[in-house]
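Quick one: the structure is below, questions incoming.
Think of it as A, B, C and D in the order they're written, each chain with its own count starting at 1.
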Amino acid sequence: MNHQPRSQPNSQRLSGEEVSKHDNGDSCWVIIHGRAYDVTDFLPEHPGGSKIILKYAGKDATETYEPIHPPDTLDKYLDKSKHLGEVDMSTVKKEQEEEDPDEEARQERIKTKPILEQCYNLMDFESVARKVMKKTAWAYYSSGADDEITMRENHSAYHKIWFRPRVLEDVSKIDFSTSMLGTKVDIPFYITATALGKLGHPEGEVVLTRAARKHNVIQMIPTLASCSFDELCDAREGDQVQWLQLYVNSKRDITKKIVQHAEKRGCKGLFITVDAPQLGRREKDMRSKFSDVGSNVQSSGGDQVDRSQGAARAISSFIDPALSWKDIPWFQSITKMPIILKGVQRVEDVIRAIESGVQGVVLSNHGGRQLDFARSGIEVLSEVMPVLRERGWEDRIEIYVDGGIRRATDIIKALCLGAKGVGIGRPFLFAMSAYGLPGVDRAMQLLKDEMEMNMRLIGCSSVSQLNPTLVDSRALNVHNTTVPGDTLGLSVYDPLASPAWKAKANL
Amino acid sequence: MNHQPRSQPNSQRLSGEEVSKHDNGDSCWVIIHGRAYDVTDFLPEHPGGSKIILKYAGKDATETYEPIHPPDTLDKYLDKSKHLGEVDMSTVKKEQEEEDPDEEARQERIKTKPILEQCYNLMDFESVARKVMKKTAWAYYSSGADDEITMRENHSAYHKIWFRPRVLEDVSKIDFSTSMLGTKVDIPFYITATALGKLGHPEGEVVLTRAARKHNVIQMIPTLASCSFDELCDAREGDQVQWLQLYVNSKRDITKKIVQHAEKRGCKGLFITVDAPQLGRREKDMRSKFSDVGSNVQSSGGDQVDRSQGAARAISSFIDPALSWKDIPWFQSITKMPIILKGVQRVEDVIRAIESGVQGVVLSNHGGRQLDFARSGIEVLSEVMPVLRERGWEDRIEIYVDGGIRRATDIIKALCLGAKGVGIGRPFLFAMSAYGLPGVDRAMQLLKDEMEMNMRLIGCSSVSQLNPTLVDSRALNVHNTTVPGDTLGLSVYDPLASPAWKAKANL
Amino acid sequence: MNHQPRSQPNSQRLSGEEVSKHDNGDSCWVIIHGRAYDVTDFLPEHPGGSKIILKYAGKDATETYEPIHPPDTLDKYLDKSKHLGEVDMSTVKKEQEEEDPDEEARQERIKTKPILEQCYNLMDFESVARKVMKKTAWAYYSSGADDEITMRENHSAYHKIWFRPRVLEDVSKIDFSTSMLGTKVDIPFYITATALGKLGHPEGEVVLTRAARKHNVIQMIPTLASCSFDELCDAREGDQVQWLQLYVNSKRDITKKIVQHAEKRGCKGLFITVDAPQLGRREKDMRSKFSDVGSNVQSSGGDQVDRSQGAARAISSFIDPALSWKDIPWFQSITKMPIILKGVQRVEDVIRAIESGVQGVVLSNHGGRQLDFARSGIEVLSEVMPVLRERGWEDRIEIYVDGGIRRATDIIKALCLGAKGVGIGRPFLFAMSAYGLPGVDRAMQLLKDEMEMNMRLIGCSSVSQLNPTLVDSRALNVHNTTVPGDTLGLSVYDPLASPAWKAKANL
Amino acid sequence: MNHQPRSQPNSQRLSGEEVSKHDNGDSCWVIIHGRAYDVTDFLPEHPGGSKIILKYAGKDATETYEPIHPPDTLDKYLDKSKHLGEVDMSTVKKEQEEEDPDEEARQERIKTKPILEQCYNLMDFESVARKVMKKTAWAYYSSGADDEITMRENHSAYHKIWFRPRVLEDVSKIDFSTSMLGTKVDIPFYITATALGKLGHPEGEVVLTRAARKHNVIQMIPTLASCSFDELCDAREGDQVQWLQLYVNSKRDITKKIVQHAEKRGCKGLFITVDAPQLGRREKDMRSKFSDVGSNVQSSGGDQVDRSQGAARAISSFIDPALSWKDIPWFQSITKMPIILKGVQRVEDVIRAIESGVQGVVLSNHGGRQLDFARSGIEVLSEVMPVLRERGWEDRIEIYVDGGIRRATDIIKALCLGAKGVGIGRPFLFAMSAYGLPGVDRAMQLLKDEMEMNMRLIGCSSVSQLNPTLVDSRALNVHNTTVPGDTLGLSVYDPLASPAWKAKANL
């Protein structure tokens, strides 16, 4: 494990007793991976608020710290003088684990979870993950912005697109491979960037790296991964291709360092996130903290404003809200990687992207985690392509779509409407959280099985044959609700019933 | 407390025993705030019917009287000769409180209500208020006309509007302040007029006055407030701005007095309600009385017609149904305050309002409390603005919208479509009912947090940048219902299931 | 009671013992209203099948017979030679009433039914009726054709029509009276014809006659009333107006007799039903018989075909399916009453009706009891009127609509779209079944209260002001269903929750 | 029974003990219908995977084998040298039936199932079948592709079509007979091909043959019937007509043999399935196997890939995915039967079919069992007919529709829109599974009853009068979903309630 400190003589090690004296806001030490740190001065700066740190003042904080901080966090953000060195862990008093009936129930569920072979589609992994994940981890992965309307619309939008399949085409050989930014892939999806992989699996995003290799698809490395960027590069095998997803730091020198390091490490695409000048309010995530702290919590007197707004806010304070079109030339000047704008949401901005000379756009609303009532990527695609085709610009840029893809039919629909490929995120996180690498492996295989079947059934033997005449997407831009229910009228209606069964002969 | 009578010598006070003799329709006295009143002759005139008064004949009626009558009611409507003076309250027999299991359950709920910090959006306050408010108070606040279709449509309509956000705009600084009728406000909403604030909180609408001050928004003072108009003016601080909402009295001299008094006290806008020539039938409100009177109630022989149709009807009999366009010049003649017509519901009437020279309109259906199947204000707005723009009239009037606003995204949508600002009513009543001033404060702060976030995410740094190209509102005028359910077909369908979990090994 | 036979000397009366010997298909006597009848030869002709008669062979059948046969049935259909005369009822053995837990529960419900004043709208009566009516009676009244889609669409269609109300009109005086076929009525509805009133109330349709008088509306007398035509005419008071609904008998001389008798008795309109060449299959009605006969019933060997298809079929075998446009002149030749075609369902047939010279049409689908997926009358109206207006024909005929009217707003919508008035049927049956005449009275009064309120709120003081610009009915011809549910996707979605409440301190 | 082997002397028979030695993958014998077979070499070739066979190694496999293999399977696919001859069944050890609580519950349900006369429509049979069928059989019949969206859309689509009935037409005589490919039939439906009839009834598809005869409709013989083709031909009576449904075998000589044999046996139509180059993934079917094998199953080490993907995949590996338009002339060269393409799904392919000279098409999506989000046949019909009519081609081909037909109104809608007739499959399977031949008989009779009634009500006395003006099908191509639910908003809404009932006086 790269987290283990090099061993020191016992005499130099701090004792648990010593550490435990620094258990308050005036002097706050915490133990992480067997080393002590003085975080007293850092308390007010902590993006997640001071309260969560003070909970562990004088104690071992590793378990909570681990999944939401990349391994190089302490080196980056805490002055070396505050690194107090190794602790003799044998002298650290074990916390009496509080009995947690929720956690006990979860452990029970883990024991009885369905076997992997019972998962037949991507939703199945989510159904398992929901029950075996820790509540806070589930809340972070599964939550969306505000009322989660857009998050749900993302998949729902695909249900508005129906097929016009061809019959009597020779579909004995099906080839659904394609290329993305010049890389040949086996199936037209990539693993899109998602944060905090260790919430779902102790090894984090390297699990996805391995699955991507096995199925020959591209992994997009997230800025907010639990694993460090280099760990994820190191996990690559052979000619495997990775891309970098970038949240642009207000300090551009940091950004420059990240981008150029990525290029040096072999990344083949730079996906700049443009839909997140500030990370979203996700109430399910925010609300999840209350289950931790129980019913007697009152805001601490010292914390004027309630800053602990869930994991999303805590990890993203560095993102630059001033990022604008004017910055694009600078990015083009610092890297030769193709640049793709991730999170474009209307045709006017696709046109501007083309005019800016970038190589691609991802039509995306950030998985419904940013602006509620943003339209689905697939709907934006159906707005974009006719305009580009009218200008003859449809080949000047690669267009990707993400959000809500759960079935191979969703992928096929996106390609019919003009996408080069699609990004899939949460489903693989859930497969990983529920079953680790075998889960992700099976999830990808299921998509391939579905892909083969459905390419056949739509009458196409290669992705180049997919085109708009194969779908009817006229309902895609309809966002209506129905008239509110006729409560009284419906409640007095006596519904029709199926035939009644006989009473049992003897009771 | 301004309700406490000046003290009188004991010898002059009435005894409880004396009062209790007048306990019937032939001689009916009641005690309110420690003073006795002879209401025998007033019985047939009481807008709420005589039955409710007779229930308290010879007794202390303060608790029931208080929230639904402004403090100056008795002075206004009961001749001074009927004011019998102070009662020696120590001699008044305490009513044996009937045991009320519903009330006990409510008291239990109040003890376990969520802490304020758990409320993350405006709906959360409503969820708490619903359980901690008295049933009749909840019924009055929450009810709408007929089948409450319009009431629900009001928020639902916003769900038909979707965003077309811009990306890569510099949104580091967000300014969502604006001005309304010349007053600078911090965020584009005002507190709209709602009646009977003391049903929700013992202090009534002054709570809202204080919150409005803190967040620098305008409060519209309701004609039917529980607090008196002057109490609400007195609660103002500094340069705080208030408007007056007016139900026009059949007796125009009373109306004139009210308007001119308001102007003198500094009100900066006169909002004349035009959608309520008669106050609505709200069946939830009407029905709530039956839970009070139990199952053995029969209509009293004396009351030919059942007049007790809920609180709404009881308090509004003075409103003039003859009010018409012809009256507008008269209003313009008696006040210099800007005049705004509240409750306009179609483009033809907006045009007429402009031609009449008023300063604004509120596109509103009275919170769904008047005409069921009236369209939402936001839908009317989408009908109005294109017509005004075609005539070049869009700047000749300020247009407001109220009804159904629950999220900052709703505010942004209204501004994109052309509104100057929006009115918010019930949500603040619920926040007040659940948590008092801190509740309203937090509700407003949450709206500001959402506002900042969502202005960023739509790519606009000021309200002046909001415009129609940022939304897709094509579904707004669609009012369809789906084909009635296929009861038998759906009941025989065997729904797909997620993977089954293993049985527990040993039970 | 008009059913009581004139008394005979005991010596001439039949004894119960004598009657009880004729208890089978070879000799089948039944007692009705104290008189015996030999129905042996009639068994195969009984429209409701022989089985139901044989159940009462040798016994008193009055209770079952009464509500579904008009009083003159036996005189009309059974030869006088089979009328066996009075029975000494003291000698008739009382049937040991089977214990029927359903009936006991119903009697309990009757004792605890809500008081009349708790009914605030027409749906409320239905909610009470559903629980206090006999199951078979409820099934007959409440059932519709096939999947009852049209039956529910009838009211649902009104939910697709939204108002565009005018404001600032003088609505101090509201007059919603109108005239129908020359008769002045207080409110624009009439009581439409519905069959078998005694299923709901022992006195039958005369209850409706009395309510119609009180509220000055017109009653349409049904061919299939439980009361005889003359009883209903006799119940008329003063200048009260009635119409006749006619199912045309295959034997035209019978039809002629009925029509001319009605005219002589003063009926002011002849409504010929044209949507029921055969009475509908109503499965709820058909199914209700099985609750009667229990779980051990097998079809009787003698009855080849199962004929007992509910009450509707049983009573309607005489209706002529050959009735056609060619018959209209004949009707015009035998009566001077205005002729109205009831059940017209498309604009082509309205035009044909005008060309045929009839005085009116009722756009109706028979309350959803005939053809499932027939459109609502109000939708047909919205198809008809623009075509008539284009031809300048809108005043050549009176157009009525029935089906699904439950609110005064429904009436107003129909009048805005061009109807002269609306027919209301089931709601009054339910009010009558639940509360008798006071129920129907209150139901009508509630409609008048709603009417006054809503006329005010739409800004119209008389029905002549109602016009198409006051409504938005664009959604009326939309009959879409939504895409079938995403079962798996929805089941894995973790819905947002309101704040959690604290656990109780001590349990 | 044709499965019984000719008797052999005891001495030549194998003993159960002998067979039971061959109970593993190295030597695997099974007993079927009293004869032993050595299937060791066949294990890897078994389309359903080896695991299911090994479960019965050394044992009697008849019960599981029977319903999913036609009787000639062993002769066709297992070399004669592996047919080991008769077994002395008295020496075969009876398996101790495992107690199966699900099966016990099912047996209980069978005892209390509703009597046949309680079934009033096609859905009723399905409601009974669902509860009396074995779970795996139900899963096979009832399942659809992926999310079963198309499967449900098939019936739902009919709900988007509404009638515009004519009135006052003489409908005393109704004739709804028609002809299909030259054969006169009593009602415009045929029994379409469905696989594995013995899963539902021990006699299999011959039950349907008999019902088809009784009601004079055509049966389409399925390639994947449980009964052999010849058994089904033999079951024909008189001039009864059958058609052949064909899955085209990769080995064209086999296909040729089948087609020419069918023509020789008198089949009057060749329906080539074109929507199933590969049989669908039906997850409900796939998932059903896990209920069999319990919770401890792990994939066997030897089986690399999990091949047991439900019954559908197991039985269809021979189908040729290379089948294309180029093969049509070959079919035309080997048979004189009319050729109909079953599973055409867009107008372009209907035109191509006409140009190819075939006699008909079935607009079908295979009952929603192949491509999810394929449109319903009835929707495709509404796309096809206007195009054909524009070209004057509407009479050059017979067009059929299948999928989702449950009511006579559905049949009438299809004929109004231009279909020659409709295919009905599952409903008859369910009627057969629930009640055998009497069930299918009643199901057909119910359709005829509905047909007569609804022809009358639409005002048509023969199918030739049915035409597009009688329906409004504008909503048919609308595939919208509603905006995802407003979870919080809906949860705080306090729904209107009907009047409350009194508490009981004494409890």
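Methods note: a residue touches a chain if its C-beta (ideal position, glycine included) is under 8 Å from a C-beta of that chain, and two chains touch if they have at least 3 such contacts.
Note that this is a predicted model, so its numbers are computed, not measured.
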item	value
Inter-copy rotation, chain A to chain B, in degrees (Cα atoms; steps of 5)	90
Most distant chain from chain D by Cα centroid	B
Geometric centre distance via CA averages, chain D-chain A, whole Å	42
Centroid spacing, where centroids are CA-atom means, of chain B and chain D in whole angstrom	60
Shared-contact residues (touching 2 or more other chains) in chain A	115, 118, 120-121, 123-124, 127, 147-149, 152, 156, 159-160, 283, 287, 290, 478-483, 486-489, 491-492, 496-500, 502-503
Partner chain D, residues of chain C touching it in the complex	108-109, 111-114, 118-120, 123-124, 127-128, 131, 146-147, 149, 274-275, 277-278, 280-281, 283, 286-287, 290, 297-299, 306, 320-325, 327-328, 341, 343-346, 348-349, 370-375, 477-484, 486-489, 495-498
Residue ranges of chain B touching chain A (in the complex, touch as defined)	115, 117-118, 120-121, 147-149, 152-153, 156-157, 159-172, 407, 409, 413, 449-450, 452-454, 456-458, 469, 472, 474-475, 478-482, 487-488, 491-492, 498-505
Touch list for chain A against partner chain C, complex	121, 123-124, 126-127, 130, 138, 142, 147-148, 152, 155-156, 159-160, 283-284, 287, 290-291, 295, 406, 483, 486, 488-489, 491-494, 496-497, 499-500, 502-503
